[in-house]
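The following pair of complexes shares a single chain, chain A, combined with chain B in the former and chain C in the latter.
What follows is the complex of A and B.
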């Protein structure tokens, strides 16, 4: 039983950097800090108190299927974060928010490293999370048309805010959770978080904000604009270290070739930092690729 | 085969979202974390005029004939009537883990009149232990009054959290209360909404 990947010592400084960025995400977006949210509320003259809900990452995605809500999104620019700002960033540099800043994804990933792997579900290479995540996002977008509610009732950003609030002495959110929130929390934090290899099961399967950014990132790769994580096959020794390191199960090794599923990559750079052969790098998409990438299901 | 697997996963994700959403909505509308909207003023008609339903203005399809928010006394969203929280219809997890922590929430106390109002809110709920919470910045809890004027067409948010005693829970009708929205400047009642907490599981 190994508690950490074999290249733990190599990755430790990198993980500490990522944890620092995820903490910055808390400071920027979550009560009681929410510095970015406060600045945007002040700039837009919005008379609301700051917490994770003010820059909602889910409702605007649902509204994409509701054209009559476009005016609201334009009038209240805080709603443009998940449907415009983050996808625009992802188009050029990848889903950096997911891999580096998102506390909701980071908290389960980092805590999952403390759980022995023998207690964890390993779905890497067994299930391709990408179509499931796109399917879930589609379902969330049309849910309100069939009298269902997903975006607010199933929100890991809320769970994270409630956890952070409780650390600062406000237990109201947790004490008053509804059944669907309790179920969602267990799924996010335990089943798909701590007890799933990589700790990013929720991100991989059920995050619409991540899905939108993954789609945008793949578009940038297809258009050969911006940057992405790429593998130099001439340097790759097929050691599969990157496959076991990737928290989003986006890397596979098939028939002697290591591949990155650009839809699932969140540009966390764990693979690049952990590669002893320097075969993986974050490079401009303009060059003719010396790597192989795939949008096909990942199978190790 | 690979393509079939991909489509199957996508359909599974889609169905999971819809299924979970329907389950959540079935609890949202009857017993847990109930969201509702209230329009004010009702032009002197102090009668039930709001709804208990999840969603909000974004869930409403305006339709071709929609031109503006309706006059006071009409619904902007949902069904007319009192807000009824039925503890007997709580989900298994809520009933097992937090059965006596009840919350209701209105993101949409909406001014459907033609002039701005600064309002005072009164939640008369049988002396149940209760907390107020809002994400509005302009709120004075001591006087339960908004410290800004709510413009015509604008909305205001307020959540209420009730903590029941076990003995209170074991009643068919736990409380028949009322939310009152009052013009803070003139003390005129703008509208009210009956709020009932019942437990249909008690024989």
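What follows is the complex of A and C.
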């Protein structure tokens, strides 16, 4: 294995659980299954094709900057998922959707473990991607305010849906790909996916749904409500295993102190499961004297 | 104190530049995109 040479055997059962959840995400959200989407379309009486576009993770975030679209969101409540439901969940339990259910983030993360590390860019613990992700989300909203949009042609959720559809014999989506979509796909799947350590470069830099959930998660941490991944500094031995294990580059070790950037953490729990000293745990956000966590990015 | 101030300004610079880079990327991508298949858009 390439990604976690020190502890991949320990993590293997945990990864299998996460892969099972990502498969559940496919079954719930992606055509031809889309069980959750079908159920919600049936419940709201909306006669639309049940695929990944119906619970769009991207456009509703842009629509936040377009007050004239609020009516559409209210009429079709499925569009409230990424702007209300997921951030509300993240406020209390963190971006569990990103770390466990999202097939678009999962597929590149799991496949990246099959690529030898010498071929991968390693930015873990070196770069804090959070401001860029917030900037991308903000820029997306500014663009939508002036009438442009960062739409399906630059969306990894769409690329994944089109790939899964083609596996099941529907090539309509893939046939629609033009140069810009192909460039976006290469950036997501190869450059920021398979050939980036952790396989979640796209999530870390460019996912607006992840940005909104990260913001909500950090708000929950700041308000001391809900739960988050925390490091017990009294147990930490600065071995930095968690730094190299974290797929979202949310952990860094600076001046002998390991810290989690709550804005970037997607609660995948790889760090907690891989820590030999049991110094990392997912627990309630309470101020305790032995814990020194930060919501401040500590890189760069 | 100067060290802390220097660290603070370094972090602030990184955040501001990254945010600006991300926004610029989004605006660039928005100008190059090729339409949306989501309903209502």
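One rule holds for everything that comes next: the second predicted complex is superposed on the first by the 282 of 300 C-alpha atoms of A that agree within 3 Å, B and C clash if a C-alpha of one lies under 4 Å from a C-alpha of the other, contacts with A are read in each partner's own complex, and residues count from 1 in each chain.
Here is the rule we go by: a contact is a pair of C-beta atoms (placed from the backbone, for glycine too) under 8 Å apart; a residue touches a chain by one contact, two chains touch by 3 or more.
Source: prediction; values computed, not measured.
Asker: In the superposed model built on chain A, check whether chain B and chain C fit or clash.
Answerer: Aligned on chain A, chain B and chain C clash with each other.
Asker: Give one of first, second, both or neither to describe whether A:158 is in contact with chain B, with chain C, with both, or with none.
Answerer: second
Asker: Contact-wise, after the overlay, does A:150 reach chain B, chain C, both or neither (first, second, both, neither)?
Answerer: both
Asker: A:223 in the overlay: touching chain B, chain C, both, or neither? Say first, second, both or neither.
Answerer: neither
Asker: Could you look at A:68 and tell me whether it touches chain B, chain C, both or neither (first, second, both, neither)?
Answerer: Only chain B; A:68 stays clear of chain C.
Asker: If you stack the two complexes on chain A, which partner ends up touching A:175: first (chain B), second (chain C), both, or neither?
Answerer: Touch partner of A:175: chain B, not chain C.
Asker: Just to be sure I read the superposition right, which of the two partners does A:138 touch: chain B = first, chain C = second, or both, or neither?
Answerer: A:138: touches chain B and chain C.
Asker: Taking the superposition as given, does A:284 touch the first partner, chain B, the second, chain C, both, or neither?
Answerer: neither
Asker: So in the superposed three-chain picture, is A:114 touching just chain B, just chain C, both, or none of them (first/second/both/neither)?
Answerer: Touch partners of A:114: none, neither chain B nor chain C.
Asker: Looking at the overlay, does A:76 come into contact with chain B only (first), chain C only (second), both, or neither?
Answerer: second
Asker: Out of 22-30, 40-48 or 112-120, where does chain B collide with chain C after the chain A superposition?
Answerer: So the stretch of chain B colliding with chain C after superposition is 22-30.
Asker: On chain A, what residues does chain B touch that chain C touches as well?
Answerer: In chain A, positions 48, 53-54, 59, 69, 72, 128, 131-140, 142-144, 148-150, 152-154, 178, 180-181, 205-206, 296-297 sit in both the chain B and chain C interfaces.
Asker: Contact residues on chain A for chain C in the complex?
Answerer: 48, 53-54, 56, 58-59, 69, 72, 76, 79, 128-140, 142-144, 148-154, 158, 178, 180-181, 205-206, 296-297, 299-300
Asker: Mind pulling up the chain C residues that touch chain A in the complex?
Answerer: Of all residues in chain C, those touching chain A are 10-11, 14-16, 18-27, 29-41.
Asker: Of all residues in chain B, which touch chain A in the complex?
Answerer: Touch list, chain B to chain A: 2, 5-7, 9-18, 20-25, 27-28, 32-33, 54-55, 57-59, 61-62, 90-95, 97-98, 101-103, 131, 133-138, 148, 161.
Asker: Over in the complex, which chain A residues touch chain B? Could you list them?
Answerer: 47-49, 51, 53-54, 59, 62-63, 66, 68-69, 72, 127-128, 131-140, 142-144, 146-150, 152-154, 172, 175-183, 205-206, 296-297
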